[in-house]
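Presented sequentially are two complexes of chain A, the first with chain B as partner and the second with chain C.
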Partner chain A sequence: MRRDDAPGLYLRYVGISLRGQMQYRASFWMLTFGNLFAAGVEFLGIWALFGRFGSLSGWSLAEVALFYGIVNTAFALAEGIGRGFDTFPGMVKGGDFDRLLLRPRPTALQVAGQEVQLMRVGRLLQGLVVLGWAMTALPGAWTAPKLLLLTGVIGGGAYLFIGLFVLQATLSFWTVETLEIMNTVTYGGTETGQFPLTIYRPWFRRFFTFVVPLGAMNYLPAPLLLDRDAGGIPTWVSWGSPAAGVLFLLVALRLWKIGVRHYTSTGS
Partner chain B sequence: MPQIVVENLTKTFRVAERDPGIGGALRGLVRRRHRAVAALGGVSFCLEPGELVGYIGPNGAGKSTTVKVLAGILVPDGGRCEVLGRVPWKERIAHVAQIGVVFGQRTQLWWDLPVVESFDLLRDIYRVPKADYARSRNELIALLALEPLLDVPVRQLSLGQRMRCDLAAALLHAPRLLFLDEPTIGLDAVSKLAVRDFIRTLNRERGVTVILTTHDMDDIEALCTRVIVIAGGKIASDGTLEALRARVTRERWLLVDLEDADATVTDPDAEVIRRDGHRIVLAFDPDRVATAVLIARLAARHAVRDLFVQNPPIEEIIARLYGGEEPARP
Partner chain C sequence: MTAAAHAYAAIVGARFRMLLQYRAAALAGFATNLFWGFIRVMIFDAFYRSSAAPQPMSREDVMGYIWLGQAMFALLPWNTDPDVRGMIRTGTVAYELVRPLDLYALWFSRGLAARLAPTLLRAVPMLVIAWLFLGLQLPPSLASGAAWVAATAGALLLSSALATLLTLSLLWTLSGEGVTRIVPPLVYMLSGMVIPLPLYPDWAQPLLDFLPFRGLVDTPFRLYLGHIPPEHVGAVLAHQLVWTAALVLLGRRLLARATRRLVVQGG
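This part shows the complex of A and B:
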């Protein structure tokens, strides 16, 4: 059995991608700053909203800020790691995917390594800052199990978003025209997940719980993270919620394989 | 044992058709009509180790389709294909680790990276052992004179330089089989010669089997021991260059430079096929008229400044084989 050095290779890709980006230094700093600024303004908007209305369907600003921090941190991580999938349709169109097929490594690993975006640190920083603030503003103490769950939820969320990027890229094996609809799920998903899902209509909440398990980093682990009333959510579901994202990514990677097979049989 | 066995390979593409105009584009969103385009209609050939084969044909003849199938990135509809004992698309990763591929139109290197870093990354991708890598890298750098290019980002290389680097990149893992898709396209004369020399060395000295697709007939004449011609998805000819010539035409050309540019030249056994100032090109069949007789006849009638005999250029032969017809690209 050959030693699996896939993580090592991925890190090599990361290093190279970063070095490539540093060659365009001005552009790097401008994009990072722009990213940070845009995300900051967004949270100020939420702040202002709460200043006006006090709370949102029984959720306090600090509670919403926690969700906001979780989703944005997870999304920034996912975007940093899975950005290659985001720009993948262009790769299929340009025929550059053939090049990856000619190399003796799994295609998903290579696509992920195509582009690792450092400028996403803007969003990541902002997510972490809001998260940090929420954690100090919330009344409950941050015990070790709670911190563990929080880390898990963010990790699971990152997996979920990577899964969404993979799905979006997979679609481009069939068509490059209908991708906007996926944007409503990926980018719309982050927007949605910044607020507790319980404020939305039931069908909407169900979609983001059972189809795209955004709820797994939102209202499902909330009772444990916020010391709130469980509201009918079993404790094991709250603890197990990080697994949903991992599962989602695994399913997405299966579909990716089917997409690659389709690509190699149609040659386009 | 042949390295490549291809038997009765078929492939048909479905191409979406769209009516012209905005109306057509909108209709295409709802219902799409497809047209079947046969790219390969039963292609068969075998390749022994160490061969250097030219695979030629007009655009859309099925060259790239064949190469893609052999490289394992396209699954055919029917037929058998084994490369180095493997079915390429069934064991993609094991297969591509054993072959090298160069596309003349598209670089395999990382655009923003210095050449040497692309090489190092490929070492990791192909899992080449350190000692093997150092040896193979140094050899390739020497053969292709890459030393001054190593620290240059790929995007700053000229086309010829880039092609030399691409060739090295495809060979770092010491494949036994090399696919070259138009490796000399767009290169200047000096770079073309360098690339050809390298391919020859690789084949003769290292015994690497090479399949070369090209539109440059000089590549074929300079390199290939065997030429496979594909047209309309079928093998039109397979054999040595001489055999191909003999099969298509026995014709020879006599090039004559006359003192008098306006002289009328006719001969019962030869045909004037081109005329360019003082230069006249006559085509003749050496079985019907001896070359010496033809020359004597012409020299008796005209003031001849210079003359020489040659085979029709390979372009001419290929054009006749295709029948001047170029099927549309799918």
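This part shows the complex of A and C:
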């Protein structure tokens, strides 16, 4: 199997998908605006709560806004890139996955390239706007190493969410009935990650640190990003946090391969 | 007249049976819902622990508000009717136009059934679990409970009127995707689903009082909690029903205009 042309092939998939979507220009703008607005509403709620309560367990609005910006930007990137995995259960049900198996290219790559959703631009914009506001509102200066870590954390977060999408698709090799449960870690993960994980109960924080490493784009790099007291988090953990998402995706892809081997077509 | 009423009742009944078919999906949805409630409870808990300042709602009331929200969220007008959407796209909506029924009443009953069935399906188990395990209190008095039931019926009518308006917008936009993305977040924010309405700034309260959305979530829930005394149920119902009447009138107007200039999609 030739793998060297994989990035080029993926870009071609992306190009085709985008050109298709831009055929419906008015619909695209409405969807973008709608997504921007939908995500903005939630931040308005957080802003109102800070107006009433002043602070959240020692965290300021600007600090929470940074977490909010990170998790939403990362999720929007992942949704744009890996959403093909979301429509995947339909491919299994319809037996369409067979066609992908016949092609001499990695299956995960083909599924990812199925559908690149441009309309997610709305959430991305909104994440970036809140992120930008948080960066200016925070007192600390944004030095080069901090910016590097921030970029890495967002990238690592995107890898984590893509990994979750891959896992969700992998589950559909066994069942297509109860997939909504995965929404608890994908959409539920973004909801959770909008706040510092330290405000939650310990078991909940541990789950989102060690099982689904959401903490790696949240409170683990926070001491460096926000110039806060480390609170027992070793510096190497803060610096290394972007790696958690990459590792998670690698594990997810491993499971995906097992799932593909397990696949039996519906034959329809 | 009674024949027509039977026809609308049959539409509600058919919708009910259809939705009750998907039990596994309902279970997965229920678990997701529960999880969501836990996240929200922990977030508000943390906020209440952060400040000793007096708040417009007590911590206990907010917890109750959250679980009621998890139980009742299917009641909200968050979607256009998928069947009507399909009919408009394929052109079979023409059959709807020739039925010997009032089209607005037909679509309104569809919308009503589409709220009522999933709400019952999710609300009953969620309320039972919340009462047993999650610390949701029963209403402080029988009067509060009765006021909540009455206001929930009002919310159902109000929500159906709003949902019918959303569906009617399909007659202009066909895809309806833009509307179904912009309206639901607005409804969540202004009805009390994002945060309980009393926690918004004081200057925003008169506006929230005026708008119809408070009647979907906030006022029924606060009647349940006793946060609004049961004596005020009349004002709550009046607010809901006046808005429902206004929205129905607007919907009928729009429908009359749309059917005059309707172009049925061929196919």
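In this section, the second predicted complex is superposed on the first by the 260 of 268 C-alpha atoms of A that agree within 3 Å, B and C clash if a C-alpha of one lies under 4 Å from a C-alpha of the other, contacts with A are read in each partner's own complex, and residues count from 1 in each chain.
Criterion: a contact is a pair of C-beta atoms (placed from the backbone, for glycine too) under 8 Å apart; a residue touches a chain by one contact, two chains touch by 3 or more.
Quick caveat: nothing in here was measured; it's all calculated off a predicted structure.
Novice: Thinking of the overlay built on chain A, is A:181 touched by chain B (first), by chain C (second), by both, or by neither?
Specialist: second
Novice: Once chain A of both complexes is superposed, is A:5 in touch with chain B (first), chain C (second), both, or neither?
Specialist: Only chain B is touched by A:5; chain C is not.
Novice: After superposition on the shared chain, which partner residues are touched by A:235: those of chain B (first), chain C (second), both, or neither?
Specialist: Once the two structures are laid over each other on A, A:235 reaches no partner at all.
Novice: Which of the two partners, first being chain B and second being chain C, lies in contact with A:37: first, second, both, or neither?
Specialist: Only chain C is touched by A:37; chain B is not.
Novice: By residue count, which of the two partners contacts chain A more extensively, chain B or chain C?
Specialist: For chain A, the partner with the higher number of touched residues is C.
Novice: Per the contact definition in the header, classify A:51: touching chain B only (first), chain C only (second), both, or neither.
Specialist: second
Novice: Residue overlap on chain A between the chain B contact set and the chain C contact set?
Specialist: The answer is residues 177 of chain A.
Novice: Could you list, by residue number, the parts of chain A that touch chain C in their complex?
Specialist: So the residues of chain A in touch with chain C come to 24, 26-27, 30-31, 33-35, 37-38, 40-42, 44-45, 48-49, 51-58, 177-181, 183-184, 188, 191-192, 195, 199-201, 204.
Novice: In their shared complex, at which residues does chain A touch chain B?
Specialist: Touching chain B: residues 2, 5, 8-9, 12-13, 16, 19-20, 23, 95-96, 98-99, 101-106, 177, 261, 264-268 of chain A.
Novice: Using the touch definition up top, name the residues of chain C that touch chain A in the complex.
Specialist: Within the complex, chain C contacts chain A at residues 24-25, 27-29, 31-32, 35-36, 38-39, 42-43, 46-51, 53, 55-56, 175, 177-178, 181-182, 184-186, 188-189, 194-195, 199-201.
Novice: Under the touch definition given earlier, write down the residues of chain B that touch chain A in their complex.
Specialist: My answer: residues 11, 13-14, 29, 65, 68, 71-75, 89, 92-94, 96-97, 101, 103, 106, 108, 110-113, 117, 121, 124-127, 153.
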